[in-house]
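The structure under discussion is supplied below as structure tokens; questions concerning it will follow.
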């Protein structure tokens, strides 16, 4: 009875659109298949929860993602 | 000093209404009472955080909840 | 299909004994009952995960729990 | 490669304003610096995720935060 | 820069053996591939954390997993 | 009343030693100070939970940390 939590950034502006409903359905199907394939878990007992995280709420390299990406683009 | 996280689906459409503020207060009171009763914890040191999860962000049986419920209703 | 995570300190020394298996079963039953009672959720779709956290891994008031408790006892 | 999750209440009404983007950037920088200073972790491998939690979704002392604060103010 | 957390039961007795290191490596590779395939995320920015949960710490249907499984086997 | 969760790898072999109790106390103090400084939160209402994650349970770049580090060292 696995539990999988997937956190991804909510992309797009100004409201943020995140991944589409279709992409979320693919993440749910794919994560469930993975547990079935590797550990022989039952799909009916596998829970997946997706969290969309606003860009300003996610940090990498000590910076919010928008600044982090801008710095990486500048340094590339 | 327990910490309890309760994740539930946000029900209702199109915006989603989730559980009401009254129901959330009941969840908070009930979870705190449970820790007091079973483990003799102090209410003042017990934190409860409720997350409402959009239906398309929650998966069971490899499907987003709306499709999962539709399939269960069809198979019943 | 709720998901409940309960974090409690692992008490006892030197290995830590945490809550007993019986107390954990009570927490699982109680949390499930709460979701059934308040939100009419199905027990079969309710997942509960308990985490025991070592005392040195839990902080309150800026201190690990053992120091926090010692300070509270001293100040009482 | 640490992962830090910071949950804070979303303050302000009626929509809730939470901490500002500047304050979030300070939390991300500060949490990353902390891991660098104490455990010599690399900033580039340190992820920080901030969750703003609505006041009615956070409980202390068995009450949602608004009622908890009102009671504390009354008892002070 | 996704973050994936996978919680699975620690199986085997008396100490519990959980999934093997090889199975964990497959879960990490598979979860990363999923994010690359569906959302075009970079593997280098994808973090996966696996938690093994003791059977007595996981509840379904209001029961710890061992009792839940015994009941399901009896009812089958 | 913030809640901070810090996940770090448990380093050292064969049992794993993770960060020391002193380092954990520094993480707890530092995370609490950060919330006080940036958001004027009260230390007494700030909870910090540290999780040590075994190297084989943490993945980056699609690999468990030991393989990921070996590859980075080889490519450096």
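First chain written, first letter: the chains are A, B, C, D, E and F, and each begins at residue 1.
Throughout what follows, a residue touches a chain if its C-beta (ideal position, glycine included) is under 8 Å from a C-beta of that chain, and two chains touch if they have at least 3 such contacts.
Treat the numbers as computed from the prediction; the structure is a model and nothing was measured.
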| item | value |
| --- | --- |
| Contacts common to subunit E and subunit F (chain labels) | C, D |
| Interface numbering overlap (same over half, different under half) for subunit B and subunit C | same |
| Pair sharing more residue contacts (C-beta pairs) when A-C is set against C-F | C-F |
| Candidate from E-F, A-C or D-E with the same interface as B-D, over half of contact pairs in common | E-F |
| Separation of subunit A from subunit B, taking each centre as the mean of its C-alpha atoms, in whole Å | 21 |
| Euclidean distance of C-alpha centroids - subunit A vs subunit E, Å | 17 |
| Distance between chain centroids, defined by C-alpha means - subunit B, subunit F (Å) | 28 |
| Subunit F: positions in contact with at least two other chains | 1, 3, 7, 27, 31, 47, 49, 58, 60 |
| Listing of all chain pairs that touch each other, if any do | A-B, A-C, A-D, A-E, B-C, B-D, B-F, C-E, C-F, D-E, D-F, E-F |
| Sites on subunit F touched by subunit E in the complex | 7, 53, 56-64, 67 |
| Contacting residues of subunit F [partner subunit C, same complex] | 21, 24-25, 27-29, 31-33, 43-44, 46-52 |
| Touch list for subunit A against partner subunit E, complex | 1-9, 19, 23, 26-27, 30-31, 34-35, 37-39, 41, 45, 58, 60, 65 |
| Touch list for subunit A against partner subunit C, complex | 1, 3, 47, 49 |
